[in-house]
Amino acid sequence: QSLRFGFNEDVDVLDPTLSRGFTTRMIFSALCDKLIDISPDLKFTPQLATSWSWSDDNLSLTLKLRPNVVFHDGEPFNAEAVKYSIERHQSMTGSQRKAELGPLKSVEAVDSLTVKLNLSAPFVPLVGYLSDRAGMMVSPKAARELGDKFTTAPVCAGPFKFKERVAQDRIVVDKFDKYWNKDNIHLDQIVFRTLPDPTVRLANLRSGQLDLIERIAPIDVAGVKSEGRFAVEENTELGWNGLLYNVGAGEKAKGPMGSDPRIREAFELSIDRDGLVQAMSKGQYTPGNQWVSPSNAYYDKQLPIQKRDIAKAKALLAAAGKPNPVVTLVTPTQTETVQFAQIIQAMTRDAGFDVKIQATEFATALDITQKGDFEMFTYFWSGRTDPDGNIYNFTACNAPLNIGKYCNPDVDASLQAARRTADPEARRKAWAQAAALILKDRPMLFAFHRKYFWGRKKEMKNFVAYPDGLVRFTNLKLN
Amino acid sequence: MSVALSIRQARPSTALRSPLGLAISSLSRQPVAMLAMAVVLVVVVLAVGAELIAPFDPASADWSALREAPSRAHLLGTDDLGRDILSRMIYGARASLLASVISVSIAFAIGVPVGLCAGYLGGIVDGVITRFTDAMLAIPALIFAVSLAAFLGPSLINAVIAIGVAAIPVFIRLSRAQAMGVKFEEYVEAAYVVGNPRWRIVLKHIFPNIVPALIVQATLTMAFAVIAEASLSFLGVGQQPPGASWGNMLTTAKNYLEEAPWMAIWPGAAIFLTALSFNLLGDTLQDVLDPRSRPRVAG
Amino acid sequence: MTRFLLQRIGLMIPTIFFVSVIVFSLQQLLPGDPALTMAGDEASPALIAEIRAKYHLDDPLLVRYGKWVAGIAQGDLGISLRTQQTVVQLLTQKIPVTLELATLAMIIALTFGISMGILAAISRGGPMDYVARCIALFGISMPAFWLGILFILLFAVKWRILPASGYVPLTENPLENLRSMIMPATVLGLAVSGVIMRHTRSAMLQVLSNDYVRTARAKGLSETTVIFVHALRNAALPVITLGALEFGQLLSGTVLTETVFSMPGFGKLVVDAVFNRDYAVVQGAVLCTAVVFLLLNLFADLAYAAVNPRLRGR
Amino acid sequence: MLEGATMTGPVLRAVDLAKHYPVGSRWFGRSQTLLRAVDGVSFEVAKGETLSLVGESGCGKSTTGRMLVQLIDPSSGHVEFEGRQYGAGSRRKALRISRRIQFVFQDPYASLNPRMTAGEAIGEPLSLHNMVPRRQRWTRVAELLEMVGLPRSFAARYPHELSGGQRQRVGIARALALEPSFIVCDEAVSALDVSVQAQVLNLLKTLKMRLGLSLLFIAHDLAVVKHISDRIAVMYLGRLVEVAEASEPFANPRHPYTRALLGAIPQPVFGRVRAATVGGDVPSPIDPPSGCRFHTRCPMKTDICARIDPAMETIAPGHVVGCHRWRDVEPMPEAGRAADDVHSARIQRLLGFFQDKAGSAAGQQELRS
Amino acid sequence: MLDVRDLRVTSSGGYPLVDGVSFTLNRGETLGIVGESGCGKSLTSLALMGLLPPGMSVSGQVEFEGADLLKLAPATVRDLRGDRLAMIFQDPMTSLNPTLTVGYQIAEGLIRHRGCDRREARDRSIELLRKVKLPAAERRFDEYPHQLSGGMRQRVMIAMALICQPALLIADEPTTALDVTVQAQILDLLAELKDDLGSAMIFISHDLGVVAENVDRVAVLYAGRLVEEGPTRSLFEQPQHPYTIGLMGSIPRIDTTSEWLPAIAGTLPLASDPPPGCRFEPRCPFAGDKCREESPDLAEVSAGHRAACWKAPL
């Protein structure tokens, strides 16, 4: 049984340490098991670690490892391997994981199946990161031998092992017959195909070239469903979509948007989120005003979405002495961000805003954000399992994604508090505090949360839609 | 038109009063070419008078009318943001026309003088220019244009500049070849003998005589530019939102092919018709302007 | 002959030099920073600096150019910053696909373009002339991505007679390979066939007006013999050269066709590399296409010489 | 009418002119093969004199003519004209040295810029050299047009609106605009139909006399040449083989090639028996024959001809020949009739009518067809 | 053998280019057609061959060996062409196909009309090439036209026309493009071959001199009309039409000395706008009122000598 899976964009580096792209995780889902996994309803579940626990001071995390697990090259999976993998994440040149591991101080192999992660400061979101690429384990032997070339033949402990990669076209993985959970693996092979154009991707599903595709355009969902041959699975994403204001980075922060929260409030008030969601997705997406979606446990219901209020927006603008602010919105040239920018532009015009859209391709956009050369920037964030990953890096002073250079010590304090405790209630409280401040200061605008849509052949069994947008191949059957 | 041929080898009269005049007069005898000309004229009118003709603001979105099929209110329907497609098509004509006119002007303005110099001066100048042109031609034009557009930043004007620059080598090549052909014509030598300085020979004697071939190339390049603008839009470096161009309309529309086919039909048809018209015009012009393909007088 | 060949190859060297300079400088012009692009938006300045150092992105321009050229001499085109694969490896994966696509497209373009060109030329001014021309111009008057999507919707989704995508290597299954190639090659070929048609038509018209065609007719030869034996040979001469030039256009076209048909080819590789600031890939790929293009032109010249007795035996 | 025709010292001297074209590829170094288009040609032209240059196609006539007006830079040798000297390398150094030497081209269709009216073509040299004040320019153009027998109104015509003969007249007017003392006519009438050719020949002759011009008249047709020239130079394969007073070679050719040329000319006389023709084709100037260049085709060749290149010998005043056996060349056979007996008296009489009509006003009113 | 009556060729624009030409030709006879450029010489011969450019229409009668060529089916005319009827064209430089060997081009006629196999065709062609005095015929057979000089090419053209031993040979200015010395060689050769084969020949030239030496009878064309026709001697000694006389005077002579050439003033009238009366009237020094109004018909002036002039005999 070979599954042909069409996905959205090309994979970057096939190395959990170096990889950055979202889609690459799709491959890792087949190649590399993580220490921890999540459930569809966002609970942490065992994978390579069977259990884990925080020390009382939240300064160390002890993980019990699954026994009798081997890597694709036959190397045993044990505490040493975990230590190696995590240290590799921390120290390798160009590692993208370093920041995710936060204040991780050392990795201790307590015994062959027990690892202790020691932190210099409490960092509860670590568990969330271990359920992502930071928790992916690589074979120490292969990693040592291949060095930089690990990406050309990644060796992990997942259900499938790497077979071949044709850049920008396909990656083929074969069933790994020594996989610890192989009884629940029913596929012999997966062919991942890159098909960036949603229309083409869907066409390939419909013409029978693919069995499964991800990210069907919302507009096509109804059509696919009605056709009867395919089932559409969906789940709301973890992330948020909206825009970042430049409130403190250089000259551009001194414009109307960056300097006056009232103008930002007026801007937000002039947006009709329901209309926005309708236009973008025929109403399938969820309007939102926080960094987690309203259905998330950590969503602060005290701060509901404000209705569109043009009169109030105008009043605010008048009060700020800028009835017709002219502002530029930088947006990467992706279809959805551009569409979003256009809708925003059209909506805010009613309140008197004159939004100029400056579309730039991605590489240039990065440059622009780094230099703070923007007033507003559309930002679609794919999300992290731990809400911390959705907000900390965007708002904490000098955090890497805080390109608008927002800095509020009170916000920092609340966010830090949420990082230090593992208690859900305490975290909720800390984040509520942060939300109240952030939604008042408005360094960013949260607009909506997308949905992932998968299209699969009807015969396919046991497909589960996860909010992280990744496919779990365990249990999946073609028919 | 023809005068009694009192010369031993009867020759076709390649001479024309004004290249454009002849072009138009000979085109007027070709029904298909006239049709093509009409299409181009319509595009020009739409582009120039967009503000007057368009019934709606091409950028104003209407949330209550998303992706509406053609109706009395919106003759060609509305798009994914509820904007009037007819109005966008009219403004899009401007983008396409801009794409063709400006890019051809750039290619012409740079390519022709360089090509003329290479062709007329010859020698080492020609050698270097020819190698350089070959190199430009060896780099796929679209890749070149994409890089250049990315460098300049995505916008219609920059895409158009990139298309223009990518088309330069064609004009260099053509004008060089033409200049070399004309250079040894006796009237050019005659111009030298009566004491014309070089620049004047190139300007007054060579250039006007290679104009017909250049006009043909210009029309063909215009067709290329219309398509190239659409392609660059498809790759995300063309006209940027909310500005309308047929290319980006089509690119957006491809996501709504089944849901709202009219979003794709109109810009698709417009690009096709315009490019086809330019191609046909060029093709026919070549036919009437190029003496080589004219039937020779039996001798 | 060898002399001619040597001379042509000699002429390629400065051209390739210019290609490398153009590509290299174009890269330098691009805004954005490869290290930044590689590090991503979450990156810390330290990480960026690390990457810069690792890939020698801070070296002066000339040093980098020199290193690159030195690398080429050893068959090393660098590695892709984005996927960490070597450029040579990437290219070897992709060249066969694009070459096959381009070759098939060229075959389609030539067959279609030449036959339409002949048809138009012999029925010059008549309705058949216009029909043939319009048909042939159809391809260049349609954006390739658009025609491609229409093809997919018609042939793959609606009628289900051809696969919408899915390149199958020729060595694996020639029939499937052909099936997967038909649509992209046709879309690509159609775009070029118009130009070929135009050249064929005007070359044919010119040739048909030549005295030797009349001579052939005066011998009582049938019209078919006149056209295919006497005229076509001569009309082929300009078409050969222009056909090779059009190949450059064709390689451009692969960018879009490959994107739409999800072909694991060259064009898409380069465009993505441009967007990702994956310089080594852009440079390597463009250099490679340029060499292919120049070689093709060389072959065209050889073919020209083979068909044109004036140049034979030089 | 004959005032300009007095002959004084030479106006123009060509000294050992040669032009060698490199042929074949030139990318790697210099090519060794040279095409010797013109290979050491010297002659003089006196004021008011017409020297004709005749020879078969490719023998280097045009190349010689073009070197005189600096259209081509000689490989060696030089030209002296009105006290100035130019030669190898001078074209690259300076632009045209003299406006006083002008050129009339062979092809009346190719030698006029199709995008310029006759008036513009004639007016251009006037303005380039400030020959006349701007205001009088058009008057001068009209004068020139009338001088070559065209009505003023033709100034507004484009070349394609003119017949071949009319175009050639415009070409001549353009050359005359700069008031030259010397004109090179490169096959100026060869492309024209006989009837028009006769008109243009008559015109050239008139102008030459009226303006005291010197002419280098290049042609391949000896009969045409005879009609217009004072002296004739016969060229073969890049070399001069015989130079003589115009009447001389026709009666008394001293070079076998001249004789062969003469014999080959068909004449519109019934029953004339043509002299035996020479066989073979003109050899390639890339690899000219050794010794006397004509020896491969010469009916009188001896051993010496293949070995030794004959020097130009003055055999009579104004008669120079380059042949080892010039003494043995037989005179042309008598045509059998006296000169004016060629046409019957009836034809002579009838032709008189044509002469009147053509000669009267250099054929003006009929040009308005 | 050949009887042309009232041959008219009308241009695509509807005006006559050849206007009522009639003549007859007997076996073994040579007819010269003279006239200035554009007077319709080539069109007349092309009309006989059935090779008029597209768009031109032809009327009248061309009886050749008992059949009216103008009424035969195109396929039948094709069978005759190159076989019974052959033509030599003016410019040997452009009338040979540059991409085919001269041998092939000669043998083609034999293969087409005689069904010879290649060997035989080759042998016979080489034999004929020897006959036209082409040096090293064997070797030349496999050469391409550009390797031959003008004179050699014209010999090849002649061989090509004679390969099937035609009953009628049309030579359209066969020597105009050649140098005088070569021209003389070709003229001699033609005369010799014609006598050998006993074919009839139409010899077209703009040069009265060439015609004087080579033909039995002469026809003078002016602006599409036959103005005078008669035995060579009679025509040259007693020309009757003013045009013929003018033409004779216009030719510079080597055996006379006259200051002025008695040139015919003016130029050929436009075919689209011919004068109402006699076509030569605007240039004729003898023209009277009648000439302006009415076009004269050919009338016999002496035995077998006809002229179309109101004033004849002058």
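In order of appearance the chains are A, B, C, D and E, and numbering begins at 1 in each one.
What we mean here is this: a residue touches a chain if its C-beta (ideal position, glycine included) is under 8 Å from a C-beta of that chain, and two chains touch if they have at least 3 such contacts.
To keep track of the chains, here are their UniProt names: B = Diguanylate cyclase; C = Peptide ABC transporter; D = ABC transporter domain-containing protein; E = Peptide ABC transporter ATP-binding protein.
Bear in mind that the values here come from a model prediction, so they are computed numbers and not experimental data.
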| item | value |
| --- | --- |
| Where chain A and chain C (Peptide ABC transporter) overlap in contact partners, by chain label | B |
| Which of A-B and B-C has more C-beta pairs touching across its chains | B-C |
| Rounded Å distance between chain B (Diguanylate cyclase) and chain E, as computed from the means of their C-alpha atoms | 49 |
| Rounded Å distance, chain A centre to chain E centre (Cα mean) | 89 |
| Centroid distance [mean C-alpha coordinates] between chain D and chain C (Peptide ABC transporter), Å | 54 |
| Two or more partner chains touched - positions in chain B (Diguanylate cyclase) | 3-9, 150, 153, 254, 257, 295, 298 |
| Multi-chain contact residues (two or more partners), chain D | 163, 165, 193, 195-196, 369 |
| Multi-chain contact residues (two or more partners), chain C (Peptide ABC transporter) | 11, 30-31, 149, 153, 214, 259, 275 |
| Chain C (Peptide ABC transporter) contact footprint on chain B (Diguanylate cyclase) (complex, rising order) | 32, 131-132, 134-144, 146-148, 150-151, 153, 223-224, 227, 230-231, 234-235, 247, 250-251, 254, 257, 264, 268, 271-273, 275-276, 279-280, 283, 286-287, 290, 292-296, 298 |
| Complex contacts: residues of chain D adjacent to chain B (Diguanylate cyclase) | 66, 69-71, 95-96, 99, 102-103, 105-116, 124-125, 128-129, 158-165, 171, 174-175, 177-178, 191-193, 195-196, 369 |
| Interfacial residue positions of chain A with respect to chain B (Diguanylate cyclase) in the complex | 197-199, 217, 219-220, 223, 272, 275, 278-279, 333-335, 338-339, 341-343, 345-347, 349, 357-361, 363-364 |
| Chain A residues within the chain C (Peptide ABC transporter) interface of the complex | 10-15, 18, 20, 93-96, 98-99, 148-149, 151-152, 165-170, 193-197, 199-200, 203-204, 206-209, 361-364, 366-367, 369-370, 393, 400-401, 403 |
| Contacting residues of chain C (Peptide ABC transporter) [partner chain B (Diguanylate cyclase), same complex] | 11, 14-19, 21-23, 26-27, 29-31, 130, 133-134, 137-138, 140-146, 149, 153, 194, 198, 202, 205-206, 209, 214, 245, 248-249, 251-256, 259, 267, 270-271, 274-275, 282, 286, 289-290, 293-294 |
